[in-house]
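There's a structure below that I have some questions on.
Chain lettering (A, B, C and D) follows the sequence in which the chains are written, and residue indices restart at 1 in each chain.
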Amino acid sequence: MSGGFVPNLLPGLAARRARTGLGLVTFALPLLFFVALSIGAPEFLGFANLANVNSQITALLIVSLGQLLVALSAGVDLSVGSMLSLTSAILVGVDPGLAVPLALLAGLAVGLANGIGVAVFGVHPLVMTLAMMTFLQGLALLVSPVPGGDVPDWLEAVVRFDLAGLPGAFFWCLAVVAGMALLLHRTRFGLRIFALGANAESAALNGIAVVAPQIACYVICSLFAVLAGMFLSARVATGDPTMGMPFALESVTAIALGGVQLAGGIGSVTGVVFGVLTLGLMTNGMNLVGISPFIRAATTGVLLLLAISLQRRRFIGV
Amino acid sequence: MSGPDSAAVGRTTIADRLRALQGAALTLPVAYGGTLLLLLCAYIARPALLSPFLLLLILRQAAPLGIAVLGQSLCMRVLSLDLSFGGVAMVVSYILTAGMLPLPDWLLILLCLGVGVAVGAVNAIFITWLRASSVIVTLAMAMVLGGIVIAFSQFRAPGDAPDLLRLVGQARIGIVPVAPFVWLALLVPLALFLRLSVFGRHVDAIGANPRAAWTSGIPVVQVIFTVHILSATFAVFSAFLLVGFVGVGSIDIGRDLALNSLAAVILGGVTFGAGRGGVVGPAIAAFMLTFLFNLLTSFGLGEPGKLMMQGAIVALAAIAYTARNRNRGIWK
Amino acid sequence: MTFREVTKRFGSTAALSAVSLSGAAGSVHAVTGENGAGKSTLMKLLAGVHRPDEGEILLDGGRIAFAGPGDALRAGISTVFQELTLLPNLSVAENIFLGREPRRGGLLDRRAMRRAARQALDRLGMTLDVDTLCGALSVAEQQMVEIAKGITADARVFIFDEPTAALNAPEIAKLEALIGELKARGRLVFYISHRLDEIFRFCDTVTVLKDGEHVATAPTATLDHDRLVALMVGRALGQLYPPRPAAPAAPLPALQVEGLVARDGMPAVGFALMRGEILGLAGLEGQGQRDIVRAMAGLEAPSSGRVALHRDGVVHQLGHSVVATSRAGIGFVPEERKTEGLYLTLSIAQNIALGLLRNRRPWARARVDQGRIAELMAAMRVRARDHRQAVGTLSGGNQQKVMIGRWLAAGIDVLLVEEPTRGVDVGAKSEIYALLRDFAARGGAVLITSSELTEHLGLCDRILVVRGGAIVAELEAASASEESVMRHAIAGTATAGSAAA
Amino acid sequence: ADEVELLPDGLMTPTTEEMVPADKYKKDPPWTIGMSFGGVGNSWIVQMIQEAKYVAAQNPKIGEFIFVEANWQPAKQVSDMEDLITRKVDALIVGPIAFPLVKTQVDAAIAAGIPVITFGVSDGELNSTTEIMGGGEEFGRVGGEFLRDKLGGEGTVWAFRGVAGVGEETLRYNGFVKSLEGSDIKIGAEVFGDWNYAKGKQLCENLVLSGQPVDGIWFSGAEMTRACIDVFQDTGKPMVPMTGEGNNGFLKVWSESGIDSVAPVFTPGLGPAVVRAAVALLEGKPVYKTYFSSPPPITNANLSDYVRDDLNDAFWVPSTLPEDEIQKTFKR
């Protein structure tokens, strides 16, 4: 297996790509879907449909950007889905005036618990967040056992507006992408996350704190999940204690499609945007093309395998 | 002066030995302590659960998870993951119970094992040759497998399980159910093989440093291949027991297998990347989780309370375990 | 700055016992001693990595207690650690300024960072692109970046823990000049090295540690090479290099390399490695020695060319895979022991046992002779608590011994070694040399690359000089000199076209 | 007016006087009809969809019948509906995970001139054109009253619920709880078996094992009753009254074991009913605002009229499929 490990020598561009994890496939795949759908489904390029796609991917994008941060720090957060559900439950389950602050507070607490468990006590992130996922799912069902209730009006207004003909979701995407890009690429904090994700021990020998930033990653990730929960609840205009269930694995899938390495230190906001887009186009495309629901799961799986196998990362790993 | 001195020496050696003993106890996987604690809880609150008859039945319930855990722990020892268990279980359940293939039962069973090997091999091809992320590969594999079953079955519930598997899944000798013996029959040889064979050493090496294993000529790719094939095969056995126990086919059989096995493996003391971890710890952890589900159901907390307790207990167990072993790290 | 009676224990091993030492501003203080003597541990106490179990550390008369490396940095102590600490996914500039990134308006000021990084590299005479990711650098380049990082810190105390283990003479000269500058600016420099000539060249005072205890501190001027070695090793050391046996009349080839193009764009090389000989691939840093060795070991697929193993009159063409080459009987010792060489979390015994099991089938019984492991550990003088100690907790030099020992145990024909004695003390060096010579004498063949020219001259039988990926000269080590090798290694001076066949 | 018959034999009755104005949604064929359903995963839903598809396929005026399911994911259902509206279906059938989730999309469809047929009774929560349902509180009440009757108004019962958080599930449970009001029956344990045989079996075993007292069991339907009967038989626990549903597998076990039970009827014919309603709207025929299906339950007395020994366990009664279709898909 001569290809098992790529040599240490990567010239300029390739070297830079080594940090972002971006490859040709990252861009080519959604582009391919886009072109194929433009040709194959007449409704696809309609403004209404593109706006739909935009709204449909926004929640996943928000969650995935949070997941990206945790993944860069060499962790993973499986509790994002339940956090989203809990947010949704809180939004309709408590006094409307308290709902949003309470949801944010919950996000903060969950992120702290995850982060402290992982960074201070050294629990494996998969176990810590899996346990948290179960716990939060229970809590969400406790707060609001069945779907229903009303989301605060102002929140709906903040999500479902149109500006200059563009849907509100578009601006949400813009804001979170810009925010995360700024945090990751233009602050000390961002740079240090890349550093400690690649090798926490070396990073610490370089004199940077490793525990607090790691906790911060989990907190920010949870808060992003809360944000996604607020967006999604406002979008469907009601609460649902199981709304977030698919998001845990989908967000991990999306970032992996975007070239982010779960081992830490490699990934980019751009990649995540394209990863989310890939998944979004897959779902929308299957609805438009009218693929039978009975072969949909298999189709998604095959497309995923295809996408992932084209990436050929540097090392074998999780 | 010499008197107290030598006494002090004697004391320290005893203390040392005690400390060593305590150290050994502390490095035991969390599953051991956790199981004891749960048994204690049951003793106080639900003594009915501790009757031998019921304990044995719980053991039977734990067997499918326990077998899946064998595969998962192997994967994690070579820094990989296998989340395709649910998909494998669906395929097995469908092949065995849908009656679409007019084959005798034993051939169906062989066919399932063949499918397991194939699934493991495909997983491994993606993970090694194409160097794709094992999380995504096996998740996608689960989707594909489940999707194929859905496409074929159109969600129709399949028919009855083969008699042989029903027998194994449900039969008892006296009060002792048979299923745990299947578990043991897979666990013991695997544990021995890993402990005694060159293969086991290679697994340790790859877990400790895959790059070093590669540069020193250990057949990393073959080992990962074998591990994934074994893992998928164990998933097939796990599904055999599930199908046999349920007695009829079911679409979403084994849905929780992947994530529960993951939790059990880690609670059982297998760590990513340390080249450490046995087979017994995860097995105990599989029992612990199953016992926990039973205990929580018996408390009648309702779904929310049950989920919250389950999450809190797993998290606290993991924290307690790693916190004790904290000072074994690099930072002192 | 003063260490007062510091003691540091790891479990039951005492890495340092009651060591006292002080260093004055404006001086260069060498710390030396055998592998595992406690040098790095002592420095790590100062760098905030470890905290002393007993005793205290005083800086300007005040007692210091650091919670971590960050505190030490902020207190003005800059450290170049023995293990490389560069992050592979950060650029050179980012690595140099990690932890003290320049900011403007609260955001990273990448422009300023790159400019300052450029300047730092210039001081070291390096022409690296500051945007290159460090994962793409060779070990020597990484070491230089580490030095750049250490030197740009605005610190009062500078620690260099074996900065030159992977460096060549010209780079060492650069470092010497920089350390001279620091000294002139009134800084205190702690300098650790196993290269004794450097100690005499750079340092004012030298402290010798042995088994975690302080042996002596003396001005370098009052010592000479032999006395220093005697202090370190506790005995007079005879010949560092084992005697060369007489060349056999009709040498048998072990490895035959033909038309090997290790990487696209490199010239083809061809040479034979004989049984019983130690062959050196010499040359300046980054001239392609590494690519040639790695292609031979099967780690990287060459663009073209063949490598054949001769055994018992039979020629085996080797495939391009590490599994195949190692099965055929070729061992490879990489220069980066932490990432590519060792299983740090496994014990010494497990590491060595993996060598012993090299050619066994996966299903075979993994029983190894524990006696053999003990024997090897003794022969290599591995300083460890016992064979169960995790390799990751050994001192650097002892790790190197375990890595070489693993291959010596593996029953192989050919050993390809990158930097055989990186970070190894003089005493252990002579042991490793003797082991390699012994291996060759028993019919094996050894190929080494080394940044230490004297090692080539002392250990090897033959030296191939590599420049620009081509073999430009073949020299008999016995008759070669540093000048003659350098003449071929530096472009322009040697007559081109004298490439060996 | 000539009333549209959505289902024969009194299976379906309008529950309001209010009608959709004739011709309001009249359109020329061929039509595209879209159906978004919350999810599939049990054999009742599968049969319901199969029957709907069969009716659609038989009707030459329906050019395309698009069925999408959301895998019980609210966000996906909303997206599915958006996509269907974008595809400009002529009529939209929606079986919502919960009513509030789809309110916006229903409004959007109505605004776009697409009639919306809701699978469920939203009591005005949705602006659907027409709403069609069965089961619901009535389903739960039938079971509850049966138990109340059998237990003489006192004792402890277990409640086996469906998928947590699904509207229909909550309705059934509420109906059950209401029917117990004023009696001395208390609910000793409450679990969510996801309407699934395998999960129901595991949970029932857990409850039986933990030695909880039980005098009767209420089921939210589907295949859980059969699972529980199997567990009681396996463990040798004396049978207690259990409620069931019109599932052939259960009916067979019921008639063989001769236990006391009742089966509320929840017909898969609801599938064809919503399709016929859509067709009627597009044809411009008069359609009532709401319909409900609550035929009398199956009891020990009329059990033999329903049980079909020649068909497999996945068959649900009463079905609207013609006999040859039934034979084709449900033959043992």
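In this text, contacts are C-beta pairs under 8 Å (C-beta built on N, C-alpha and C of every residue); 3 or more make two chains touch, one makes a residue touch a chain.
Worth saying up front: this structure is predicted, and the values here are computed from it rather than measured.
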Distance from the mean Cα position of subunit C to that of subunit A, given in whole angstrom: 43
Interchain centroid distance [CA atoms averaged], subunit A/subunit B, Å: 28
Rounded Å distance between subunit B and subunit D, as computed from the means of their C-alpha atoms: 37
Contacts with 2+ other chains: residues of subunit D: 40, 164
Contacts with 2+ other chains: residues of subunit A: 1, 4-5, 141, 145, 204, 292
Sites on subunit C at which at least two other chains make contact: 68, 299, 322-323
Category of the chain touch graph - line, ring, star, complete, other: other
In contact (per the touch rule at the top): chain pairs: A-B, A-C, A-D, B-C, B-D
Touch list for subunit B against partner subunit A, complex: 79-81, 126-128, 130-137, 139-148, 150-151, 154-155, 210-211, 214, 220-221, 224, 259, 262-263, 266-267, 271-272, 303-312, 314-315, 318-319, 322-323, 325-326, 329-331
Subunit A contact footprint on subunit D (complex, rising order): 40, 64, 66-69, 71-76, 78-80, 82-84, 86-88, 97-104, 164-165, 167, 170
Contact set on subunit C toward subunit A in their complex: 47, 49, 68-70, 72-74, 79, 81, 83-90, 94, 98-101, 103, 106-108, 129, 131-133, 135-138, 263, 294, 298-301, 320-323
Residues on subunit B engaged by subunit D in the complex (per definition of touch): 46, 48-49, 54, 57-58, 61, 154-157, 159, 170, 242, 245-248, 250-253, 293-295, 297-298, 300, 302-303
Of subunit C, residues touching subunit B in the complex: 50-51, 68, 297, 299, 322-323, 325-327, 331-332, 334, 339-346, 350, 353-355, 357-358, 360-367, 406
